[in-house]
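Here subunit A shows up in two complexes: once beside subunit B, once beside subunit C.
Our next item is the complex of A and B:
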């Protein structure tokens, strides 16, 4: 490190203050046991305690919202990845007339912001065509609409296309059926890609706001991000408790990102290059 | 000879059909049917438990005559224009500084990515607290140290929208930065050497080597920015809800109120159709224009 690189290090420090500072202040405040005015945050911990989390858990019933969120994000991610892998197998490894049309149809939904179909989606969820059941006020109503995601289908399709056909043929000669080829030959080879789409799917589902907002009319069904506004309205709650609740709400997506960074970056680069 | 081709015709679709079925079902139910229903609703006055009469283009006429929606559209355009350009410029600067593979650069890139993986609703709560309008609020304290006067942030009708734009840029700059870094990695280093031989200065190198080399990355960043700007909802709904006095009302928050507060579904659907048509047209025109610029 020389004096010449000093401006560079000042710039790095500024970046960290701007982009990470708020997270730091939230974490420090959430674990501190001092009474704060609303809107005040600490930069250094004082009187370390778990009291704020205890209050959040017991009195604000955050566990209930967190449970809803975890149910939605876990089942949602698993279904999304499974459905995408199945579809990608057909699009990448099978030749059939109309394949291009199906790809285009799925791809077209990437241009469609979910927000613009919120109103009709609400009507459809209230009376699902064919089954004539209502998914409003159910977890299924918050999960099923995110299961079909063009991004993960295309990501997996690209990876599955790269598997050499010889491997598949060899398995076929050995008498493997279609499911075995998918499950035993193809899937293990695209495991890294499965990881990437799983992280992206998790973060995308955790980010859902409008969907749970319109599906859940009862507050005991709210996911944590949607419940934040309701929880905040409780004026008897100390401000530091709400900071702790916000920290709980941001933790899952950040932890998944940090834990699966390699998979995440692979997906990001793929998305960035492909557009 | 007559039976065999038919059997083959079946077989060709059996396997892909079965594998694609769950995805197609999900897309049909939750994307295509809502799209079709939305279009249909936009031509009706939608009533519940009563017939919904066909009203032709009435809903669309209302869309273009609605002053509140017009104001929301102007706010949205301002929001999109401001966030897309500032986010792209900042990201370009960050990419130039943060490209490279040393360990401390990778650490900084990971650290500054945290806002990008924070959900919009949480982002809103973080910034509501940072923007506390009291003089001892988080950012006001920082402003105090820098000698800037205390702000009322989201309570100030004149600047609330701009503070929300800062929040939006904060979340999306890291993502755009990564796209630019990926773009920088594709630039042929020989071009830089050649420009050195030609005696180009730093600005000329940037202008005539880096920027053309980033053409594709610029297109991606701008397109993503346009799409996510026009659809913005969660971070505004969860902070100001469109207030104070409509100062931060954007098209989606307005549509949400039309639909879920006033239950004027047909009209809300028509406004959604117009928003989609506008976003799609802008994006397509932009991509068309860039296609020529890139080559």
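Our next item is the complex of A and C:
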């Protein structure tokens, strides 16, 4: 390291402190066994312990909220990626009357803040049209509204548009039907984009707060973000336990990103280069 | 039987007609080449045969079956694409076997067929590789193998050599012809390269603006082009086309003339009331004979005086550009051409090699009074 690069290193260190500092303080506090004032975090560990996690897991029953979140996010992500891929295939590869209108309709769903659709959504989920059943207080009620996500549809559409049409035609001549072209030819070629969409979708569903809040009235159905809001009001709970629960809530998003980082970055890069 | 028959086929895209009432008969086992410049509709015609496009009018028959509205998989065809269109995520083995897998061929039988085709095309050592690990020529052979392995009734080739370098193109051209002679499967081959068309096709269909200009064997197209377009398109370098007018001189002989030159032609063309008409005289560069000096009496001979203005040495030949009163003429001489820039020469026109076209660009049968 030369003196000339010192300002750059100082700048990087400051950036690191700004971005990693809060996570560091959370982790240190969660693993420390000292009593803290509410709103205070530690910068260095003191009396290392797993007691806060044990309290969160057993007494606060975080496992239940974690399980709910995992159910919703796993099924939701799989369905969201599947639906997005199918919709993107149609929008990218098929010529049909009204394609522009369909695209616009999907795009319009991104223009409304979720607070605006919260009440209509509550009414619809409470009495599903035609089926006349209620999805309130069910996992399905938290999953179905996030299955169609315009962002992932458009991202996959752009990637699928880049697949040369000759490949599809070659498969057609080889005897492939529509499903085989989608599944065997197109989908493997947009794998990096599927990885990116899955990561984005996972984080989007994991972070859902308003939707589980309006769907679940019983606390045994709460997901972690909703549970976090309720346990915060519990004055008997030590502040470090709340920090431990927050850490548990953040962990899956970070883990899924690290696990799929390669595909995620490749997907973003492909978009950048080919776009 | 796997003859291909196109009957009055038309195709439009967004109102623009790209194929206009095209009828072509391709015999069983024939190697038919569709050739034409960009935008002539040759690839569209091939895609219509493949079933990748549906005609707006007309019928397409393969063998005894009307396949006009059948999807590609029911037409018993295989296609080699310009970009090869190999599946990047599959190995060579999987690429070759993909069609068989879709057709429900048993795994062991499919594997045997893939091995046999790979051996035939020299791909055995490459079976485990992915397309990105192959050279252009190897990819081309895999694309051909993918077509062969299914033993289709008709092979369709869409400019398969255009992505290869010149040397490889000649080699693969030979391999395709060799493959066709071994399999004797009907083949329809699209190219914009007339050398490829001439050297490969049993029969050639020349297309322009979505219409058939002429159909015939390579010899027919070369020796008796039906019109100016075919005359200029077939042959390399292109035929010399001299613009002028036809008239009957005082002695009753047919004369081709421009403002600055006249040349007598030994043809029997009848002119309406003897009135001069615009016409084009064609002579291929390889049939031009150059002699030193100026002709003795000029216009009374089937020879044109000129001056060498440019020499292009290509190795085996030398292209000699001669400025004449009729315009610039290209002649081909051998590599030991004695000519220098500025030499006065006489371009001799062998009568049996001349082509004459009327004002509309159609070939004049020399002995017929076709202008009447």
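We take it that the second predicted complex is superposed on the first by the 260 of 275 C-alpha atoms of A that agree within 3 Å, B and C clash if a C-alpha of one lies under 4 Å from a C-alpha of the other, contacts with A are read in each partner's own complex, and residues count from 1 in each chain.
Throughout what follows, a residue touches a chain if its C-beta (ideal position, glycine included) is under 8 Å from a C-beta of that chain, and two chains touch if they have at least 3 such contacts.
Since the structure is predicted, the reported quantities are computational estimates derived from the model, not experimental observations.
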Once subunit A from each complex is brought into register, does subunit C clash with subunit B or fit beside it?
fit
Looking at A:189 after the superposition, I want to know if it touches subunit B, subunit C, both of them or none. Which is it: first, second, both, neither?
second
First (subunit B), second (subunit C), both or neither touched by A:167
second
Counting only touches as set out at the top, which of subunit B and subunit C does A:118 meet: first, second, both, neither?
first
Between subunit B and subunit C, more residues of subunit A are touched by B
Between subunit B (first) and subunit C (second), which does A:7 come into contact with in this model arrangement: first, second, both, or neither?
neither
Tell me the contact category for A:176 with respect to subunit B and subunit C: first, second, both or neither.
second
Of all C-alpha distances between subunit B and subunit C after superposition, which is the least, in Å?
9
Subunit A residues where the subunit B and subunit C footprints coincide none
In the complex, subunit B residues that touch subunit A
12-13, 15-17, 19-20, 22-24, 26-27, 29-31, 33-35, 37-38, 41, 94, 97, 104, 108, 110-115, 117-122, 124-126, 129-130, 132-134, 136-138, 170, 174-175, 178-179, 182-183, 216-217, 219-220, 223, 227-228, 230-231, 233-234, 237-238, 252, 255-256, 259-260, 265, 268-269, 272-273, 275-276, 279-280, 283
Across the complex, what residues on subunit A touch subunit C?
164, 166-167, 169-177, 180, 184-185, 188-189
So in the complex, the part of subunit A that touches subunit B is made up of which residues?
8, 11-12, 15-16, 18-20, 22-23, 25-26, 37-41, 82-84, 86-87, 89-91, 94, 96-97, 99, 102, 105-106, 109, 111-124, 128-129, 144-145, 147-148, 153, 178, 182, 203, 206-210, 213-214, 225-226, 228-229, 232, 242-243, 246, 249-250, 253-254, 256-258, 261, 268-269, 272-273, 275
Taking the complex as given, what residues does subunit C use to touch subunit A?
50-52, 71-73, 77-79, 81-83, 85-89, 98-99, 102-103, 146, 150
